[in-house]
Amino acid sequence: MNKIVIENLSIDYSDGTESLKNISLEIPENSITVLFGPAGGGKSTLLRTINRLNDLTDVKKVTGRVLLMNKDGTYTNVLDENTDVIALRRRIGMVFARPIVLPLTIRGNLTYSLELLGEKDKSILDNAVIRCLNQAALWEEVKDRLDDPAAALSGGQQQRLCIARSLVLEPEVILLDEPTSGLDPISTGKVEDTLQELKEKYTIILVPHSIQQASRTADQAVFFLQGELIEYASGKLIFTNPQDKRTENYVEGRFG
Amino acid sequence: MTTVFRFFSSKSTTRLLIQRLGFGLITLIAMLTVFLILSIVIIIVIKGLSALSLEFIFGFPSNGMRSGGIFPAIIGTIMLTILTSIFCAPIGIGAGIYLSEYASDNLFTRLIRIAIINLAGIPSVVYGLFGLALFVVALRFGISILAGSLTLGIMTLPVIISTCEEALRSVPQSFRVVSYSLGATQWQTIRRIVLPQALSGIITGVVLGVERAAGETAPILFTAAVFYLPRIPLSPMDATMALPYHLYVVSTQIPGIPENIKYGTALVLLILVLGMNVIATWIRSRARSQRQW
Amino acid sequence: MGNNKGWLEVITTRLIIISGYSAIIFVFLIFYFLLEAGLPTIRNVQLTNLLGQRWYPIEEYFGLLPLIIGSITVTIGAALFAVPVGIAIAIFIAEIAPSWARNILKPIIEVLGGIPSVILGFLGILVFAPYIRRLLDLPTGLSVFTGALLLGAISIPTIASISEDALDAVPRSYRDASLALGTTEWQTIWYVTLPAARSGVLTAIMLGIGRAFGETMAVMMVTGNAPVIPSGLALFFSPIRTMTATIAAEMGEVATGSTHYQVLFMIGILLFLIELVVNITASTVVIKQRKRSERILS
């Protein structure tokens, strides 16, 4: 089943730059879909469109549909103007390229999204904290200092905290935009392992920060070049046997 | 760059001489200015210190201001200051939040900014006229602490708005983006993340703005201040004595006042104003060291 | 969650938006009340009177010329003093002083900016004016000269802080490039850095002059009490009266609604309009730069 179906999505920015050109794509559920390609390809824009974070930027025109599958099997168009954007964002977790921890304690970072909903029950909050830190493989390292400021953690720990934070509301989809850029190889490995575990419950869309990461993690991979979707195939195939010449050039490192 | 090349050909010794003279002159000017500022403070302290006693601070003026204390003026200034901050802080902070978080970059916003610059530049005596016309006469508050504080409040508004906006803008945008991605509304994001982080900057701005209001004379000349009050003001509808006005009066209107009483009054005002400055600076530096980004 | 939270948020957002408009509302309010009280002047006082050279309200002489000239002369005098000194201090702090000196100097300048003008006027009248009188053997120390110096001192912090911010904002690379070409630091300051900071320094000067023009108490206390147009070379050492001082000095003794009252408000309108023009020019002509807001308004 496809968790997300994108139909003819085009996005223009106010300064005239065209960011996405007529993208059509299907994202299967409970898998890792990787969007890769050189900078400026529109991958980040696509991620931010899915959870409507693009609303914060200077977007002039958006056409097309982005359909998100609901629990009952129907689809909702994310881009519809009647969509409850706040509720939508709760269904989708996001992890950014730089670890952005909120200026709160470790616990505060995790309980933030529940507190926004008015949740005050200490046991519910604590359970969420424990669950998500475990899912992000961070529990052992921080369990004794949950009330320390999150800013005191190392870069790798902060990023795993951000992953844990994105899991608190038990979203259906997790979007990760170069989550391991700036992390050391060990932390990167831990994050990639975590993703493999998470895909059993969540649909994951990942923008990798290297081709190697793409080929390590992808169940499906999509190649983007300057706002266009060039090629789409299963993880193994696209890197060993790319169909399009441009994909082949990028995969072989001839540009990028 | 051609002007620079012109000097390529002059001898380096001449150029260095010019530099020495120039730097020397500028340094001299700077030193003289510092000397001037320090002497101002020192004169007031030296000549006024002898007047500072418990009776001076807590007593009432007697013998036509020639002896006794300045308590009513001190209380008056404190009351004016507190009431001023009550009026201008909420509106100023609200406007700062609006400009930083809600306003888009259109003509209307630019008009608001021009209006703020305008308010900031209006001479203080013109504020006094406005306060007289609106609060004292039209709204019939009469000469009162209320009228004076409202006038001072509007005068202080631009400072508060600007510092508040700047404090909010200095909070990294990434915090807001993360908050939204977790399903927060704009106000939730402001209330839980942005405002707490900007709070010390905002408070600094309020203190500095109000400090300036405390030392102003012209706006309260026709709106709040009276020459003599036999008791301390009991309600905002009372007129009051105030330190800046009192200083003006004792230095220009009444002959025969002992010098140290005049300097003592100046000293008390100076301590009040500079004291607020010190508090604001302390808040600012403490916040800087505790910053989480 | 519940509708409760939505309701509170809507109200708060509304209040915030209203606060945002408040500045515009207040500007109009101020202008309206000034006009309401001052415009009747045009009906009640002849133009020839207003443009006359005698300001003697008791006998219905409302010549604004001495007051306007008084304000202008004192402000020009203050500018002549404050602009070079202010810029010199800015150059010193931004370019010449070592960092320990900078950390001491900046707060001290801010102290000057924070001293209430009535205290400076007080010192002016008690210390400075008598000193000038003795020094230059004048009939009185209360004059344009003393006023200009005092006003200049009040404007220096504004000019110095904003200019210093502007100089500070000039990229390091400009200086480095100039020095690499073999110029001295002095030449770099005058031919590279200062021109690059030109718009900020111009803003600083305009705001400083604006501050001087609008100053009331200090000027009132040290320029004497003579709303006349001084003549000849003695100009600088004669007492005069500024527009601001006139309002402050005479408003207390004036009956609400009388012609004198209306004329004083008229002067207020003039001050408001002049300041409006100066500030709008300063903000539109000049390119936007980072400002430390507390300093601008000190």
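As written, the chain order gives the labels A, B and C, with residue 1 at the start of each chain.
The working rule: a contact is a pair of C-beta atoms (placed from the backbone, for glycine too) under 8 Å apart; a residue touches a chain by one contact, two chains touch by 3 or more.
Quick caveat, the model's predicted, so the values are computed rather than measured.
Peer 1: Counting C-beta pairs in contact, which chain pair ranks first?
Peer 2: Top-ranked chain pair by contacting C-beta pairs: B-C.
Peer 1: Using CA atom means as chain centres, which chain is nearest the centre of all the protein shown?
Peer 2: If one averages C-alpha positions chain by chain, the most central is B.
Peer 1: Measuring from the mean C-alpha position of subunit B to the mean C-alpha position of subunit C, what distance in angstrom results?
Peer 2: It comes to 15 Å between the two C-alpha centres.
Peer 1: What is the distance, in whole Å, between the centres of subunit A and subunit C, each centre taken as the mean of its C-alpha atoms?
Peer 2: Computed from C-alpha means, the inter-chain centre distance equals 55 Å.
Peer 1: Please compute the C-alpha centroid of subunit A, do the same for subunit B, then give the distance between them in whole Å.
Peer 2: 48
Peer 1: At least two other chains touched by the same residue of subunit C: list those residues.
Peer 2: There are none in subunit C.
Peer 1: Would you mind listing the residues of subunit A that make contact with two or more other chains?
Peer 2: Each of 117 in subunit A touches at least two other chains.
Peer 1: By residue number and range, which residues of subunit B touch two or more other chains?
Peer 2: Residues 185, 188.
Peer 1: In the complex of these two chains, what residues of subunit A are touching subunit B?
Peer 2: For subunit A paired with subunit B, touching residues are 51, 53, 56, 86-87, 89-90, 92-94, 96, 98, 100, 102-103, 112-113, 115-117, 149, 151, 165-166, 169.
Peer 1: Going by the contact rule set out above, which residues of subunit C touch subunit B in the complex?
Peer 2: Those in contact with subunit B are residues 9, 12-13, 15-24, 26-27, 29-30, 33-34, 36-37, 84-85, 88-89, 91-93, 96-97, 105, 107-112, 114-123, 125-127, 153, 156, 178, 181-187, 191-192, 207, 210, 213-217, 221, 244, 247-248, 251-252, 256, 264-265, 268, 271-272, 275-276, 278-280, 282-283, 291, 293-294, 296-298.
Peer 1: Please name which positions on subunit B make contact with subunit A in the complex.
Peer 2: 174-175, 177-185, 188, 192-193, 196-197, 292-293
Peer 1: Under the definition above, what is the set of subunit B residues touching subunit C in their complex?
Peer 2: Residues in contact with subunit C: 1, 3-5, 7-8, 15-16, 18-19, 22-23, 25-27, 29-30, 33-34, 36-38, 40-41, 43-44, 90-95, 97-99, 102-103, 111-130, 132-134, 137-138, 154, 157-159, 161-163, 165-166, 185-188, 204-205, 208-209, 211-212, 214-218, 221-222, 244, 247-248, 251-252, 259, 262, 266, 269-270, 273-274, 277, 281.
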